[in-house]
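Chain IDs A, B, C, D and E follow the sequence of writing; residue 1 opens each chain.
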Amino acid sequence: MTDYSIDITRKEYPATASTSAHIAIKNLHLTLKQNEFVCLVGPSGCGKTTLMNIVAGIDQNYEGTINLGTLSQTDNKVAYVFQEPRLLPWRSVIQNIHLVLDDPNAPHNTKLIEELLELMEITHIRDHYPGQISLGMARRVALVRAFVVQPQILLMDEPFVSLDERTAQRIRQRLLETWQTQPHTILFVTHDIREAIYLADRIVFLSQAPSNVINEVKVTIPRHNRTDEHSIEAFRQSLKRIGSKTKNYSGATK
Amino acid sequence: ASEPFQIKIGVVAFGTLQWELAVIQQFELDKQENLQLRLITLANPQAGKIALHAGTVDIGVADWFWVSNQRTNHHSPLTFAPYSATAGALLVAANSPINTIKQLAGKRIGIAGGEIDKNWLLLQTLAAKQDVNLNETVDKVFGAPPILNQQLLQNRLDALLTYWHYAARLESNGYKRLLDGAQMLSMLGIKQKIPTLGYVFSDQWAHHHREAVLRFLRISQQAKNLICTSEQAWETVLPLTRSEDKQTQTVIRKRYCEGRIQHWEAADKLAASTIYSMITASHPNLFPKQSSTLAAGTFWDYTLSNSTTTKHPTILTK
Amino acid sequence: MNSPRLNACISVVLLLAFWQLLATSLKLQALPPATEVLKQLVMVTENGQLPYHLGITLTRLIVSFSLSMIIGVLIGIGLGRQPILDQFFDQWLLILLNIPALVTIILCYLWFGLTEAAAILAVVINKVPNVVVTIREGTRALDTRLLEMADSYRFGRWKTYRHVIWPQLFPYLMAAARTGLALIWKIILVVELLGCSNGMGYQIHLFFQLFDVTSILAYTIAFIIVIQLIEMFILKPLEQRASTWRQ
Amino acid sequence: MNSPRLNACISVVLLLAFWQLLATSLKLQALPPATEVLKQLVMVTENGQLPYHLGITLTRLIVSFSLSMIIGVLIGIGLGRQPILDQFFDQWLLILLNIPALVTIILCYLWFGLTEAAAILAVVINKVPNVVVTIREGTRALDTRLLEMADSYRFGRWKTYRHVIWPQLFPYLMAAARTGLALIWKIILVVELLGCSNGMGYQIHLFFQLFDVTSILAYTIAFIIVIQLIEMFILKPLEQRASTWRQ
Amino acid sequence: MTDYSIDITRKEYPATASTSAHIAIKNLHLTLKQNEFVCLVGPSGCGKTTLMNIVAGIDQNYEGTINLGTLSQTDNKVAYVFQEPRLLPWRSVIQNIHLVLDDPNAPHNTKLIEELLELMEITHIRDHYPGQISLGMARRVALVRAFVVQPQILLMDEPFVSLDERTAQRIRQRLLETWQTQPHTILFVTHDIREAIYLADRIVFLSQAPSNVINEVKVTIPRHNRTDEHSIEAFRQSLKRIGSKTKNYSGATK
């Protein structure tokens, strides 16, 4: 098992009639270990989504190389929780979930789907259309959709915003459990530094555009200690102290 | 002199009426009769009928079957004065084995004008007399005349019953005339020359301007004669025949001149209504609300005798 | 009877009443009263004339409609999704779109004779460009975010077309179908007029020669009723099923 | 010369070459070679015949096209936005859509005489329902979330139409315009055939009677060039401007 | 100046072919004092957005009465930050902002817009189309759009998710400043209990569907003390203790 390496020399959005060209990413190098949980943190508009799109294989218009090892790009084993739910409005919740599976009615799949719907508390809206559910519900559907794929690489772009804390926390726990029992690599974008500390093996800080990695921090709190708010808080304070560069992203006073 | 009387005439582009009007203008016949003819050129005969109904023209050209039908069905005031007796013909290829009506059975025959075409009806009546039911034994192909012409040229048809000017073109291409309208009539026992087309106008209008209409009919007759006798007039007409080839031009002129009506008297009108009854009797469901006899007033109250046709012989030498 | 149906009925009745009034009181030329036309309709239905010609025309219509829609949708999606193909065939499309029906009909008849196949081909050639243009417009307006989603979850070609693209094209498809039926009907009339020995177009032309507006209208109404049935039992339910998600 | 234009040129040249080949080598009857048609095109242009008739037809086309689009869009939006109106007028629309062009043309001519106004009215009546159907489909597919936004910020009717609804209807409008030009052209040919003393329809019918396919094609090409110019200098730029936001 | 009263006896989403009817709100009574800052907290899918839509006048299909006093429903003085940005994709950022104003080029408006764009750090994308900016940027544009209206009632549905903390905090401060200098009533939905404590005069807790008010808590921390993380944290802990009902929403351990 080799590591995954992301190597983007340059990602430019070309100029249009009204806008000039924008270099979103420049010389960004990132190595993901197999089954590592990496959180990406960076200012809004720095290029996180752009990076995720490139890793997902949606955006092929960049200079550089993405090496996902043995994982072929046509493989079904990438799942991507977009920053918006991106459900098909004309398919019901359950259909939206089924669509990402090759064999949605296989027993192991139906069981998994039921369990996830239960966990997300959206079993009762399985036959609703996306236009008939709240945004938070739609986000949970998108999460189920990503989880049922049982991906080798899971890309998540701020997946837990718009969820109430209780639900979010339950899903975070589940995510970690699944990750531990069926190891896979996770790239997770968040603005919530507490969330990043709670989840990640490693937090990667991105700079303003053109984006690159300005700092990487291993989360040293042992996993069993992370349910303790105080250790999280302490780690956050320590991040603040690390340097002026990362300070901005470690959460302001509230 | 008083103001010239104005008549609006619906003319089908490049039709024979346009030839005549060209000659009338060339020889200033209208001025002589104190008429002012306003031409409204239209693309096809149907447009002419619409124009008549809409009152856009005073005089148009149509057949008397139609006029009778309009009078029966739409209380139309339209009435008819003869214009030409040139009729369509049944043509076959020069080497065709078809020589008689009987031999048509089982053959593929193109029929211009569809199932209510008068020649087709006559042909059926004629065949019926020989105990042939053409309607059932023949493979009928209805369609637009130009397309049917092409189909015959491509040997996709065994015979074609079509309008006279299309027939003339085929004839000059070596196709054989098996039968024409006049022959069919005479085989049915009618010896008179019956008009196929006529001037059509409203009888009220004609009633109010009877003199002017008569003058118009007169100069039209003169123009016809000029086309047939004066090379100068024919020169004017030539471009309007829209045919480059001498052969065709000759056939066209010949057929056109044969179709001139020399007289239109009570006996002729009677013969016409006989034909009408004959056809409607053998085709009882031809038209909606079909009447078995010609509608009263279909023919305008007007007669033409041999003497009137040569009233102005001097013009010929002009 | 639910309210939309009731509304529809009222609307038709009103239209008929309006027509009757126009025809009888204003005595508008060549507009026969509705009652007359309906009487004629009953008559030609009973004597079997109308069903015969209507049947023939409908067969032609269905065959050529299906062919045109299938071909048109395929090409339309292709052009909408592939800018290079589009640049190349845009011209051809525009040319096909604007060749007079007359020309295509003549050429078809000349090459293939006065046959059924020629008639149907002529209609298809006339209709396909319209479908293509409409569907292409729809394909250009596709939501790329959903396409990206399908892409990232490796939906593959078939799933993407069926579940992501198709529902977005649906309104364009309905527009193409509705205007398409009407257009084909218009063209088929010309096709039948120029080279068929039966069918509504042939009949209507005969009536036209006689200036028999009553019969023309009777035939038209018969056709409209058929279209209405297609609308009620095929298009509307399809549309309803496809738009349940809009509530 | 940029690449799309180049592509278009190549495509046209290829089409012409293909045609020439078909006509000369296969000797397909009634398909004159391209060169012949182009020669004829030059001739009738030089002798002023074509420009005269083309000019007249174009005037009719522009007037009736503008009228139809305006009326059609207004009605289409109305029906799409007001389900009650839609239920009521749906039937009328379907009827109008399927009345044969022949019938409306005859009635218009009979009632208003063989005048320009009647000719244009006949075209408009034939075209409006098509625009309505397309635009109505578009109006039904409007994004309600954006409409709600406009509503909550009290955009008012005019701003909402201009900035929220219009851009969403634009692809439907383009589809209606493109197929519309073609449809009007088809109808205008019949309209001119039945009651005009000039115009392309009138001319083409005369050629048809003589089976002069060369001239018919020459006229058709002239028309297609005009449509091409409209496309290039009006529709394409409009479309480009309206879709800058898609990049 | 009277208070605003919200009084929804019943809000039902009718049954459709695939779904049964859903009663989203039942007997919800809420009074907003003039110029009060009220935060709404409730589980995802409980009916917060539904409530906001009703107050905004978008959804008129409910039983009950909304009394916004002298404020007429056609008045321009309501601004609504939706849960998604809802920008017009075919209008540039600046056009989207201009559209909500009657006279966008009036000097006081241009000044305000410039200042807000600066504050949100989106001046450089003013001529971009929404499809060319990141989601966080789009959210900020939606915020500018709401602020320039200078509304009498400001409705905000989770406005600060997808923003990095630094930016979010700056905007929160600005929101409070504006609110203090030009008092107006704010109804603010959030899942972030810390955010609610930092901003609100009063926090209203909504129940699961059918939604109604289960608790209201006045935030007793003086406004000048709220920049202190510890007092916020202390208040949050106190909320947790208040009762089992509200506990769920006061933020789980992370």
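Keep this in mind: a contact is a pair of C-beta atoms (placed from the backbone, for glycine too) under 8 Å apart; a residue touches a chain by one contact, two chains touch by 3 or more.
On a predicted model such as this, the values are computed, not experimentally measured, just so you know.
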item	value
Shortest contact path, chain A to chain D, counted in steps	1
Shared interface partners, meaning chains that touch chain B and chain D	C
Most extensive contact between chains (C-beta pair count)	C-D
Chain centre separation (chain C, chain D; CA means) in Å	17
Approximate Å spacing (C-alpha centroids) for the pair chain B, chain E	85
Distance between the centres, which are taken as Cα means, of chain C and chain A, whole angstrom	49
For chain D, residues that touch 2 or more chains besides their own	29-30, 106, 110-111, 208, 244, 247
Per-residue multi-chain contacts in chain E, two or more chains	16, 18, 84, 129, 132
Of all residues in chain B, the ones touching two or more other chains	46, 53-54, 144, 150, 154
Every chain pair in contact, whichever chains are involved	A-C, A-D, A-E, B-C, B-D, C-D, C-E, D-E
Footprint of chain E on chain C - complex, ascending	244, 247
Residue ranges of chain A touching chain E (in the complex, touch as defined)	13, 16, 18-19, 41-45, 48-49, 83-84, 92, 121, 125, 127-129, 132-137, 140, 158, 161-169, 172, 191-195, 197-198, 226-229, 232, 248-254
Sites on chain D touched by chain E in the complex	145-146, 148-149, 151-155, 159, 163-164, 167, 242, 244-247
Parts of chain B lying in touch with chain D, wherever the complex brings them together	13-14, 40-44, 46-47, 50-51, 53-56, 144-146, 149-150, 154, 242
Residue numbers on chain D that touch chain C, as the complex places them	3-4, 7-8, 10-12, 15, 28-31, 84, 87-92, 94-95, 97-103, 106-107, 110-111, 129-130, 133-134, 137-138, 140-141, 171-172, 174-175, 178-179, 181-183, 185-187, 189-190, 204, 208, 213, 216-217, 220, 223-224, 227-228, 231, 243
